[in-house]
Amino acid sequence: MIDQTAQIGDRVVIGENVVIEENVKIGSDVVIGHHVVIKKDTVIGDHVHIHDLTSLGRSPAGNKKMARKPPVDLSPLIIHPHSIIGSNCVIYRGTILYEGVLVGDLASIRENVRVGNDTIIGRNAVVENKTQIGERVTIQTGSYITADMIIEDDVFIGPCFSSSNDKYMGKGNYPHQGPIIKRGAKIGNNATLLPAITIGAESIVGAGAVVTKDVAEKETVAGNPAKPLKRT
Amino acid sequence: MIDQTAQIGDRVVIGENVVIEENVKIGSDVVIGHHVVIKKDTVIGDHVHIHDLTSLGRSPAGNKKMARKPPVDLSPLIIHPHSIIGSNCVIYRGTILYEGVLVGDLASIRENVRVGNDTIIGRNAVVENKTQIGERVTIQTGSYITADMIIEDDVFIGPCFSSSNDKYMGKGNYPHQGPIIKRGAKIGNNATLLPAITIGAESIVGAGAVVTKDVAEKETVAGNPAKPLKRT
Amino acid sequence: MIDQTAQIGDRVVIGENVVIEENVKIGSDVVIGHHVVIKKDTVIGDHVHIHDLTSLGRSPAGNKKMARKPPVDLSPLIIHPHSIIGSNCVIYRGTILYEGVLVGDLASIRENVRVGNDTIIGRNAVVENKTQIGERVTIQTGSYITADMIIEDDVFIGPCFSSSNDKYMGKGNYPHQGPIIKRGAKIGNNATLLPAITIGAESIVGAGAVVTKDVAEKETVAGNPAKPLKRT
């Protein structure tokens, strides 16, 4: 079902049973897999490739238990040219993926996120709302990027990374702050970051480290709780 | 495809390519996204919202390697009013979601689970079979809730939590017991619980902690293995 | 949509809105759920069951940031008889699942993987490219099996396991090596393995352990970093 208000460019390949809702804009040379859903107002640039069974442009929801209500007035999802979206992904309204972004299968990205040029969001990764991700960042498979996080350019995050932004663990409606990861830092697989800490530029966090306080620029930390490694 | 034996209430919005199998009962004011599958006998209450590409009511499967064979005679999946189910979710027969439950995108819930009123099951979370979850519980994104687990009311579980229920790790067909998390406990992100331990009421488990034995009521533990923090 | 070049055996049950592309071969007594996508050239043996909303046989993709370009000339995906594939899964070309394999919902398996007879790949698990998995292996829910990994027969991997294969964390295009897990080893939930280490036959890795070097045959290790437990 393609809504008659949708605008579709040249040489677009559309799979079986694709749903394109009202006011969607699709550039040229786009490939759309089977059973894809593109929700209203979504904007897709030239040469974007969207794999099967993915839903683009959904709006957030909330229940009674959620302290912070979802925003109601989001701008459309915008996917810039040459980006690739995997199979069975879910990406929300209010988010912008810049040029050449790669999103792996079964990943989800919430509202009001920015993802810079040529960044990779791995398979099964989750990016929460209001997080800013720079250019040429690698976020590997299964990593969890909490809300209100800042990830600068050229950061590398290994698989199964975990972060949090709520130091009182669900006590209510107060400001949350995710970690800040500065330019070029490298974080090993299954590392854990606590809320609001800063990981310095070009620092290294070891695999499995539990980081409870700031890491200085170019420092290497490991362990639970993470401590600086002795320089050799 | 809507089977002719399905009963559908008033003001129900049904997306494109939805499959509703035999004997499904759907209340009024329900919204069903595109490409949703509602398998036979499923019961959906009023004001439920189901997002795109979700499958509700599947039956369990097993292969030769599985020590415990899946049950064959499950009651239908029942979703009570005002619940919200995300995109690309999978929820099994034999399970009940009570009122106002929120299930995030890409989450899955197996058979014979109970989820209490106003509880949140986060995006990408997995809940295994025969687990009981109370009211107003928060289970954040990517958490793994093993089988045979009991989670009481008002528990908070941060993202990327891990639990297990099999202390002999796959040796065969003997009783399994997941952890028991008592009322109001809070568990930090990427914490690990071993089988059959009890986390006391209103206790706190730090982010990244590996909990190998019981935690007392109101106690705070952290580290690997987790130990009580000194009181200040 | 079933392409006219597809070959389909006897007594095959095909759900609603299934897409079967060109040159697909499907055996007899196969069950295919709703909204399944079977991409070109895929080969499916007798008595295979594929649940809803799964995509089989996709090709890999890459963006500018990826040091190693995806292969272009992959053999078809082959699924041997009596295997079961869950809902919302993604499995790539170039991979072979042998007899009686069980793949859980929302799991993904990349190109050039081999999965031995009667092995279980849990729900939400991810298996990266070029990994070899033996027979009767259990990989539990949410585990991350990196690329270039070898997992021998009868290994048990608990839920939320994490591995990595890149000791320089994204520095470029050099050889990668995932861990090697020898026959009958057991690994607890949320354990972390560093690149290129060997886990000895019949050894045990405790839940939450961070394993930074080789583990000897029949040894038990735990902690961060993991150390041998004293024998009792």
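The chains carry the letters A, B and C, assigned in the order they are written, with residues numbered from 1 in each.
Heads up, the rule we're going with is that a contact is a pair of C-beta atoms (placed from the backbone, for glycine too) under 8 Å apart; a residue touches a chain by one contact, two chains touch by 3 or more.
Protein identities per chain, from UniProt: A, B, C = UDP-3-O-(3-hydroxymyristoyl) glucosamine N-acyltransferase.
Values in this document were obtained by computation on a predicted structure and should not be read as measured data.
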Arrangement of touching chains [line / ring / star / complete / other]: complete
Classification of the chain A:chain B interface as same or different, half of numbers criterion: different
Cα-centroid distance, chain A relative to chain B, in whole angstrom: 24
Multi-chain contact sites of chain B, meaning residues that touch two or more partners: 17, 35, 53, 88, 106, 124, 142, 160, 190, 210, 224
Residues of chain C touching chain B in the complex: 15-17, 33-35, 49, 51-53, 82-84, 86-88, 100-102, 105-106, 118-120, 123-124, 136, 138, 141-142, 156, 158-160, 186-190, 204, 206-208, 210, 222-224
Chain C residues within the chain A interface of the complex: 1, 17, 19, 35, 37, 53, 55, 58, 61-66, 88, 90, 106, 108, 124, 126, 128, 142, 144, 146, 160, 162-164, 166, 169-170, 190, 192, 194, 210, 212, 224-225
